Amino acid sequence: MKRLCKILAVILGAVLLVGALNLQQTKAAGKTLYIGAGYEAQSLDPLVAGVSGAGGIISNAIYGSLWTYTADGKVNFEVAESYEWMNDMKTEIVIKIREDAKFSDGSDITANDVMATFLRNLNSGMFFYVMSIDFQNSTIVDDKTLDLKLSMPFATFTEGLSLVKISSAADDDAKLAADPRCSGAYKVEQFGTGLDTVLVKNEYYYDADKLVYDQVNITGNGNENTAFLNFQAGEYDILTLNDDKNIISVRNGNVPGTHIQVGDIQDFAYICLNTTDFPEFADKNVRGAIAHAVDWETIVREICGETVSIATSGLLPSANWAYKDEGIYEYNPELAKEMLAASGYDAEHPFEFSISYKNAGFDGKIAEAMQAYLKEVGIVMNLSPGDAATVQSMNQANQLPLVFAEAMGAQDPGGLTNSRMSNVPINSAHFGAVDEGDTYLQDLVDEATVSTADQETRTAMFHEAQDLIHDYYYCYPLYEKKAYFAAADSIGDFSCAVDANSGFLHLENFKTDKVEVQ
Amino acid sequence: MIRYIIRRLFLLIPILIGTVVIVFTINFFSDISPARLVLGPTATEEQVEAKEDEWGLNDPYLVQLGRYFWRIVSQGSLGTSYIYNQPVLKMIMDRLPNTLIIGLLAATLSVMIGIPLGILAAIKQNTALDYIATFLAILCGAIPPFVLCILMQLVLAVRLHWLPVSGIRSWLGYIMPIIACGVMPVAMTCRMTRSSMLETIRQDYIRTARAKGLKEGTVIWKHALKNALIPIITVVGMTYAMSLCGSIISEAIFNIPGLGNLMNSSISQKDYITNLGCVLVAAFIMSFVTLITDLIYAAVDPRIKAQYAATGKRARTYKRKEAAV
Amino acid sequence: MKRWLETRKLARKGEIRSVGKFSLMVRRFCRNKAAVASLVFILLLILIAVFADVLTPYDYDAQNLSEKLRQPSAAHWFGTDDFGRDILTRVFVGTRVSLLVSILAVGISTVFALVIGSIAGYFGGAVDNVIMRITDIFMALPGMLFAMTVSAALGTGIWNTAIALGFTSIAPIVRQVRASILLLKDQEFIEASKAFGSGNTVIIVRHVIPNAFAPLIVQIALRLGDTIMAISGLSFLGLGVQPPTPEWGNMVSVGKDYMSEFLPLILFPGIFVILTMLAFNLLGDGMRDAMDPRMKR
């Protein structure tokens, strides 16, 4: 028995020794940046990596898009060098690709690669902008020129294309997932389970000299809390933050030597209602009662905190030309009760419904807070929170009367344009009638999206749409927030231009000028 | 004996098939489609259907099940993950070593601490040492694993900076998960050792041994412990089985890229095929460890060895008696 | 029956010291102070669970957003949570939820296991073989994984969690019941019953099950503790019982994010979980020791 223990002790010691000798080294020559994020990247495939967590940062760093947009709507060309609409109908566009655009293995980025990327997006069903491309009649003029024909005009087509990450036509799914040819500023040196993702400069990038960092280490954590703990322990130079608590913590100086950097993307959260599958919500009084029964301002202020501002319109604020400030719904429980009574609901016959939502982030807390307010006016909202996948599934199957939705970026004013797609389950497609049988709102939005009217007319249409949505309570705007990064003072001043379409770092835009610290 | 081992190895197969069938059936009746989740909110019904057909999710129950097993047998493949597009087997094999290392070390440490502690407590029954040891053991068994993990993280990593918060980039990162996985087994092992030893010490043959004038050390180690071993081995076997399968909670908190974490993410993301793969591997590990435990019984107790070696009618009689143990 | 009543009357008067098996067990149990303390604690918990509404001045879902995250004070003995709800109320109501789910889960598994185990043990032969092989398959699945899979399939909530946990712990109890049955089967009073001509069902119900019950009680006590821990674990992972229903596990889950600045949210539910687990463990141990005359403490 004693001998057995001794043997085991020796084995244990040996294992520990081997482990100690195998410390993973990730030192490199030149400047290295350490970034932490809340979620790991499981794949380098731009369609799978997603936009959140480490995946989004990596994706933005290693892939370029044709162009991106700044928060005030200006175009910033990347892989493409220009685009030009060929007709007033805006159904033909010629895109020219940069002469010196190359992949990380030195091969040119050609029009073929761009077209192949569009097709890949189309087949994945993910980006509906590419659905309006008429692939039969679009042509590749030469290696660097593309002539796209659209099957119908689409108001935010170019904004939509800014989301598409260009990958090589020669890479198949498996290669894209683990070892792709990179069209962006950085290329992948190390990627795998349990390892940090290490990116190094893509020497073929057209602006390679301007890149500040030679190497970037990106670590995903299981959740933001762990990421924040790691940041506190000094593991990262930059950390992407979503949780109000953590942001305030850094702002209050709880993590010495760090500060908060604000990225000017637009993230807009709202609640929308499914009036088609849940006819009781087709009643304007019901929708209005909910709108006035809840003290939106208090909820947003207390739950979401200082890092967001309350939203005041049914549309995305960064949809600059389309946005109109409608103001918050007034907190008026008496009015709510009157409206309910007008539709025949009272203490004996309360209005009751059930919702499902994912119990993470602000959604869950807002739902719980809403429940309490609604109870005061006699509306019973039953909560059945679930995991993200279940809720998303129910949502897509139109099984939810009330949905917490989120829209990011300027490419699609609040999801309204989704209404054009007949099967899109996001409930903006169910912005039903203003009155029963009337499809005025729907038609208005459709026309604004696909018409070729000038910008002024289109803006007027969207303003009218927002007035209608506001007056008829089709949507409860929640909050607008920005992208937040906690950054170590020691990396010096940096300015990371944040794309208006996705809230994550664009490492190629790191500069060394001084920047306002907020 | 060899025949027994071979027979048990063959028995593994129906067990594994059974576990896969159970989990597959549970997942089959869920109406959340991973195709819908992967394609996103803008997908049309036709696209969802097409994707589901591509993955074979619309085929009848038996066809899907048959295809799963046939693929294992003919290609040695566990399928491809719906969410990540990578082979399931590769994903599991990338992660399994981490879990195994942590599990092995945690179980071994817990045994090395638990058994001597239990023996000590049994020998010195009703003294202060006994009470302290028992109390500690019970306390360790009563702390929920996630509370322990979070406490350790806050104190050791964030406040004291002795250990990394998460991940296993350096060997230091293994320490907290090992402790977390090892605490409960220490408690169980210690208590089981103690009670088993107490029961053995009361036996007559121990009294005889002492009366014969044997040294106390020999009495305890050579006679009492050997006879007390069977229930202890049961607990130790269970410990290894559970530890090697990975603790889902501690891997989630410390962000270990292991089997437990893969199970967790595959369940929450409705990645059914990865879920099945993980279940298969976990069931295999558990059954294999159970087999080893049974073999160790035979090594320790010649009566059990005889039972195993017996065949035919004698085996059935022995089996019934064995089951009553 | 009459004899028994007379004995009890005399025992109460203190004239004889009853030596019935049950009273011996009770006396042994009472000698174990830790076990008695645990029993008291558990009874206290049950009282809290039943009378939670009366004991606390607030509703468990009464929000007061501007009062959120306050330290313990006279108005809120345990402080307020991130919605301004009283933590004391939520912990007390959480007792009800935790105990309820636990009892349901253990109840489900015990009832099924009792029936299945009895059938397997009593009839033996092919029936026994088939049932034991199926049990082996279930035992090859790691508990947490199985519970999570079933929970994910069924959904969240009190009933679903209870069913998931109950279902996943049937297998080990079947083993236990079957082992007891096997021991009992060869006993003489069964043979006597058979000689009388009683049918199988009668024998199972009237003799086998009650005698198998004793070791089962110990298992139940230990399982109740384990189940409460499992519920907390599931809630922590995002399955199990969801907010706003208060449950210790999901309160700890929320509380861990506030741990550095605001301790009460994780501290109080956490303490309750640990104490409850301790209590059930000690109770189970105490009952086991009381029932086994060879074990001296």
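Which chain is which? They are A, B and C, in the order written, and residues in each are numbered from 1.
Keep this in mind: a residue touches a chain if its C-beta (ideal position, glycine included) is under 8 Å from a C-beta of that chain, and two chains touch if they have at least 3 such contacts.
Fair warning: this is a prediction, and the values are worked out from it, not measured in the lab.
Taking the mean of all protein Cα atoms as the centre, the chain whose own Cα mean lies nearest is B. Looking at A-C alongside A-B, one finds more C-beta pairs in contact between the chains of A-B.
For this pair, subunit B with subunit C, the centres built from the Cα atoms lie 23 Å apart.
With centres defined as mean CA coordinates, subunit C is found 45 Å away from subunit A.
Put simply, the C-alpha centre of subunit A and that of subunit B have 40 angstrom between them.
Under the contact definition stated at the top, the residues of subunit A that touch 2 or more other chains are 387, 390. Shared interface positions of subunit B, i.e. residues touching 2 or more other chains, are given as 158, 252, 268, 270. Residue positions 152, 238, 256, 260 of subunit C are each in touch with at least two other chains. Here subunit C touches subunit B in the complex through residues 124, 132-134, 136-146, 148-150, 152-153, 178-179, 182-183, 225, 229, 232-233, 236-238, 249, 252-253, 256, 259-260, 266, 270, 273-274, 277-278, 281-282, 285, 294-295, 297, going by the rule given at the top.
Across the complex, subunit B meets subunit C through its residues 14-16, 18-19, 22-23, 26-27, 29-30, 126, 138-139, 141-147, 150, 154, 158, 195, 198-199, 202, 241-242, 245, 247-249, 252, 263-264, 267-268, 270, 275, 278-279, 282-283, 286-287, 290, 320, 323-325. The residues of subunit C lying in touch with subunit A in their complex are 61-63, 65-66, 68, 82-83, 152, 155-157, 238-239, 242-244, 256-258, 260-261. Of all the residues in subunit B, the ones that touch subunit A in their complex are 31-33, 36-37, 39-45, 47, 51, 83-86, 91, 94-95, 98, 101, 105, 108-109, 112, 116, 153, 157-158, 161, 164-171, 174, 221, 225, 252-257, 261, 268-270. Residues of subunit A touching subunit C in their complex: 225, 243, 245, 249, 298-299, 302-303, 359-360, 364-365, 368-369, 371-372, 383-387, 390.
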